[in-house]
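See the structures that follow.
Consider the two complexes below, in which subunit A is the common component and subunit B and subunit C are the respective partners.
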Partner chain A sequence: MTRFVSILVASLLLIMSFGASALAKTPRVVLVVERLGDRSFADSAWAGMQRAQKELRGKVIAKVVEAPELTAAEEQMAAFAKDGWDLIITLGFGYVDTFKKLAPKYPNSKFLIIDAEIPGIPNVKSVLFREHEGSFLVGALAGLMTKTNNVGFIGGMDIPLIHRFQGGFEQGVKYVNPKAKIQSYYVGAWNDAAKGKELTSVEISRGADIIYAAAGGSGAGMIQAAQEKGKYGIGVDSDQCYLAPKNMIGSMVKRVDNAVFYTIFDLVNGKFKATTENLGIKEEGVGWCGLPPVSDKVALQHVPKDVVEKLAQIQKDIVSGKIKVEDWMTR
Partner chain B sequence: MIHLLSQVFDTQFLASAVRMTTPILLAAMGGLLCSLSGTLNVALEGLMLMGAFGAVAGSFYTGSWLAGVGLAVLLGTLTSVLLSVTIIKYKANELVVGLAVNLAALGATTFMMRTLWQVKGSFIDPRIAPLPSWRLPLIHHAPVLGKVLSGHTPVVYASWAVVLIINYVIYHTAFGLRLRATGENARAAETLGVRTKKLQYVAFILSGALSGLAGAQLSLGLVTLFLINMTAGRGFVAMVAVILGQRLVAGVAGASLLFGLAEGLTMRLQGLRIPPQFVLMLPYLITIITMVLLRPRHPRPVLPEEARKAALEETP
Partner chain C sequence: MRKVKSWKQVLAVQAASMISPVLAVLVSLLVGALIILAIGEDPVNAYYQMFRGAFGDVETFVSVLQRQVPLLLTGLGYAVAFQSGLIQLGGEGQLYIGAFAAALAGYLIPVPAWLHIPLALLIGALAGSLYSGIAGVLRTKYDVSEFLTTLMMTYIASFLTSWLVMYPFRERTATNPGLAAQTMRILDTAKLPRIWPGVDLHIGYLIGIAAAVLVWFFLFRTRTGYTFRMTGFNPYFAEYGGINRTRTIMIAMLLSGALSGLAGSIEVLGVHRRFVDQFSPGYGWDGLAAAILGGSQPLGTFVASFLFSALKTGALGMDRNTMVPFELRNVVQATIMFFVAANIFGSIGFRRSKRSAKAETKGVTKDDSSAVASV
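After this line comes the complex of A and B, so read on.
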């Protein structure tokens, strides 16, 4: 079924793209994602595409394709490369091999991979994020806001990338509140909201009053548990505050949208470079949504001014290198 | 050590296990009926997902959880009828069609969610009315039992009633006897005048309704939202429960409870310096161990041995 649909979509897109190629020379960009609607990672990339469509109107043709499985995604990417699309964007380390295969074969197309690194191929750009820095910041937020001196972390899968979120968070809590207790649990799935909620309830019953979740769709369960028990939650990737305005004190935002937008911007202006970018707080790649440029009102209505000021100072110290955040991914 | 144990095995753990058991239990009861009638329902996962979607949709549009449960049961049943027609009437391979229904349910619910609500990934809205939690009279104020057994959703209590009713129907009514006879030897049962196909349809219809109800507990009871593929394999766990329970009503109920307890255990064992990978492995480990330890047992023969032989000889 999924396969049939994706083939159908692919052929439709191809037909449409033949039409588009008549326009000639307008750079064409495609984003291939597993699924939109995670309210975080993929949606953020999509937001970058939408911004490009709006701000670079007429200068770029942008498309999003969903391919729920690896083989379907590979077929999609190959089809677009073959058709001569200028930039192909994808997310996650699962597609490293696909890009390594496709990029040398289609040297006229450019490739952008986010959250994985492919060095040494002249038409592939990689963007990585220092999520531990952003997580450090929301960890400090939790450490300053907790009344029970007990905070929780909920991870999706027990994998190195999520250890990085956990590590940054734990370091941030300890930095401002060395005596605080931290509970870090794992759901074991990205799509089990029920289990995410039960796990959060366990953390709350063991004393936690602020919980940070880096768990994809399972994270929605954390938000509902926080709502039910009247505790605070911290979201991840996209700004998730609007999902529960009374109980969210912010999100660790990962500006995938910026990475996507600026790469398209560079492409349109002929300045695309096949480098590896490593975006941290300094580059405004990650951060807490309560601070500029986002300055989320929902978050700020819960967080007192002195805490916001302290976090702004911590942010400065991370930028200047005074605070060094250890990366648990490589630990 | 005692402190550690008390942190894991408290009343909250048991209450959480009861909650988590319910979707598995309901779907497994449905799977058991199909299994007893001699068919295989691989689509429990997909039927449950349809139910989860129906529950959220019904509750969202009417503001009533009861309507949500109703739509969940309806969608589960309709999908199951479709499945049963292909299997019973058109003799399609149960495994292939069942898996197809699972994939179709995933696609259909995703598509409907996006079309109806213009969201992608998950649908959360304050207008979705969750299942209420009901207190059981008398038991609610009992010291330990109250916290474990009371305060659950109506669907949880319904699931207990379902087990009792199915147990009675299967072992104490003519319908149950005929259903088991159909599963054991359809041809022999037919020669004795049992309308086997009709019984198999009934098994599929009930299976769809129960799986739909399981989905309602998931999307309106455990959480109040719809998430793509939110069943997260619980339908397959239910299938395993049917096999693990040796196709006995009490056995299947026990196996479901075992999985519920294991799921609860994986949550409460975290944060106790046990590697989370090991903890998350537990439910599957328990399955393998119990499957090895339990010898396969044949279901009780429905027909006396001689009658069975005679019936077999009569049919070509």
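After this line comes the complex of A and C, so read on.
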């Protein structure tokens, strides 16, 4: 009889433990993004998802959904939240309204928004970047490397966020090379590579020999034009050097991938915090890909050692506060 | 005197006219299934997920209805134009202009709700109507093809509103210092109320249905509507019969633009609550597809717009739960349009209805000639 009872208790415990393990289910994370394939901003977030899938194998279910339109994105996010997904990630201030609506309605889900701040909601984490610092660095790079004393900037949309890139870049150029001329144009779209290429060609024909594009998918046009005209280009967000190894002297990397990965990492370890993070050079959130931790070989093959050393010094000075980079976003 | 048709006759004609679009839809879904197979997914499961994504629960079904409204209204706009023999393709542009005007009316005019909502809708419709009216004037005064002008003016509208919302009318508040290319939020008094509390469906849906009924009544039950259809059927004969062609074309263009402008206004007041740059994912084009599949008939456009909306909403669900991408919906819709436009299955319906159509024509011509004489 005792044996029977003990077997019964043991099997009950076994069943209960199965039940418990089934209840503590794997966290599910979804990235809702307008379009993948820009090899820049969106793909950087995607890289973070892929890293999570690889390094946290078995501990997390990660999915990426493209939603090329506002209403569709909203519906997708709502459906995932309703289905009980644990973390919903999106990019850009275009979804602030959506998150403000969804987050209070689904308090059990967590939300991460990049490039926009939603304070005061206990399940929304916001990540911002100090892009002007990284842009200052690549501006200094362009200022030191230009032979014609003429450099160009291509912006995606004429909006405050991109003014910040432009401002950092212009300040960086002027810091090392006060006489250099800077041309700046805006494409007016994130996915118009043809127009990006056209504007780059205009800048090159007016004497620019190094172009920095902060234009999402439109930046692909800058890289093409630089390749065709044999000029130097500087990429943005993702490290884009591999796209044109002969012409790229670097990228202003913005580590959206790290922001995504570490948020998932925290979620898996039960340490998710609904804070606002503001990542600059100090936090390794932005920077020039030629310097550690990236140390891109393509960039270093074009940039001479003394320039690299100068940039490393500028980077230190920004971190220490010796160089103050003005933020044009609020200007 | 109008001869009353027997129910059997009516049904036969209706059924015959439906064979072609229904076959087009079915065959296109089969084509879609082949593509799903090629991706390496199970088409039965994918279509099941698509169905569930559209009709699975209240939220998704509400999305279907919500998404149908702009398709239906722009579709009705096209239907009016097509029935009048106008190849008007500018619904998307008129939608943008109407939406922008409605957004401005929504946050600039502080009046109580009972006045604000109709006023903002009216202003939006009027803006869309004036915009298509430009093409109408060009057509009637200078004989410039409305096909070209409306098509080109779509791009002008999209870029113009984009510029307006990027520079002079961009939202600048303490919480949002102009981060996104969007206008200020509309006032609470301009928000379209929900039909039932708790369900996210706004009264735009009822406006859409009312518009469909009114367009049907106008086209098929009023004398002016009859002159429109007559002009579409044979403009020279209509003019000979005493119909003022210039006037007909102008009114048809204005009405068509008003419906598309209304579509944009409802999107702004009911869904986005502000004008967001490039907010339309091609509602005007999907509406065009709905009008063509629906044979430029109000009821047909209603059914077709529901179908396309369900297809799209369902595709979102399919994207969530399978590896088949959302874009499959574009493939299916484009295939439907291909079959309808090429009239691949039209001949089948035609042969069947030939006999009954003959009997029809007799009665109709008699009826019509007396109506023309009296105009």
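Definition applied: the second predicted complex is superposed on the first by the 307 of 331 C-alpha atoms of A that agree within 3 Å, B and C clash if a C-alpha of one lies under 4 Å from a C-alpha of the other, contacts with A are read in each partner's own complex, and residues count from 1 in each chain.
Following the convention adopted for this analysis, a contact is a pair of C-beta atoms (placed from the backbone, for glycine too) under 8 Å apart; a residue touches a chain by one contact, two chains touch by 3 or more.
Just so you know, these numbers come straight off a predicted model, no measurement behind them.
Visitor: Look at A:Gly217 in the shared chain and tell me whether it touches subunit B only, subunit C only, both, or neither; answer first, second, both or neither.
Guide: first
Visitor: A:Asp158 in the overlay: touching subunit B, subunit C, both, or neither? Say first, second, both or neither.
Guide: Both: A:Asp158 reaches subunit B and subunit C.
Visitor: Scan A:Phe93 for contacts with subunit B and subunit C and give back first, second, both or neither.
Guide: Only subunit C; A:Phe93 stays clear of subunit B.
Visitor: After superposition on the shared chain, which partner residues are touched by A:Lys101: those of subunit B (first), subunit C (second), both, or neither?
Guide: A:Lys101 contacts neither subunit B nor subunit C.
Visitor: Between subunit B and subunit C, whom does A:Phe80 touch in the aligned arrangement: first, second, both, or neither?
Guide: second
Visitor: In the overlaid three-chain picture, which partner chain does A:Val65 touch, first (subunit B) or second (subunit C), both, or neither?
Guide: Second partner only, subunit C.
Visitor: Looking at the overlay, what does A:Glu198 touch: subunit B (first), subunit C (second), both, or neither?
Guide: first
Visitor: Using the touch criterion from the header, give the chain among subunit B and subunit C with more contacted residues in subunit A.
Guide: Tallying touched residues of subunit A, the top partner is B.
Visitor: Touch check for A:Lys316: first (subunit B), second (subunit C), both, or neither?
Guide: Touch partners of A:Lys316: none, neither subunit B nor subunit C.
Visitor: Shared contact residues on subunit A for subunit B and subunit C?
Guide: 158, 188
Visitor: Spell out the residues on subunit A that touch subunit C in their complex, using ranges where they run on.
Guide: 65-72, 75-76, 78-80, 82-83, 93-94, 96-97, 116, 157-161, 188, 329-330
Visitor: Mind pulling up the subunit A residues that touch subunit B in the complex?
Guide: 1-2, 5, 35-39, 43, 158, 183-186, 188-189, 191-195, 197-199, 201-203, 205-206, 217, 220-221, 223-224, 243
Visitor: Show which residues of subunit C lie in contact with subunit A when the two form their complex.
Guide: 59-60, 63, 67, 162, 166, 176-181, 271-273, 276, 279, 281, 312-313, 316-317, 319-320, 325-326
Visitor: Which residues of subunit B touch subunit A once you look at their complex with the stated criterion?
Guide: Answer in residue numbers: 7, 12, 16, 19-20, 100, 103-104, 106-107, 114, 119-122, 124, 218, 222-225, 227-230, 232, 263-264, 266-268, 270-271, 276-277, 280.
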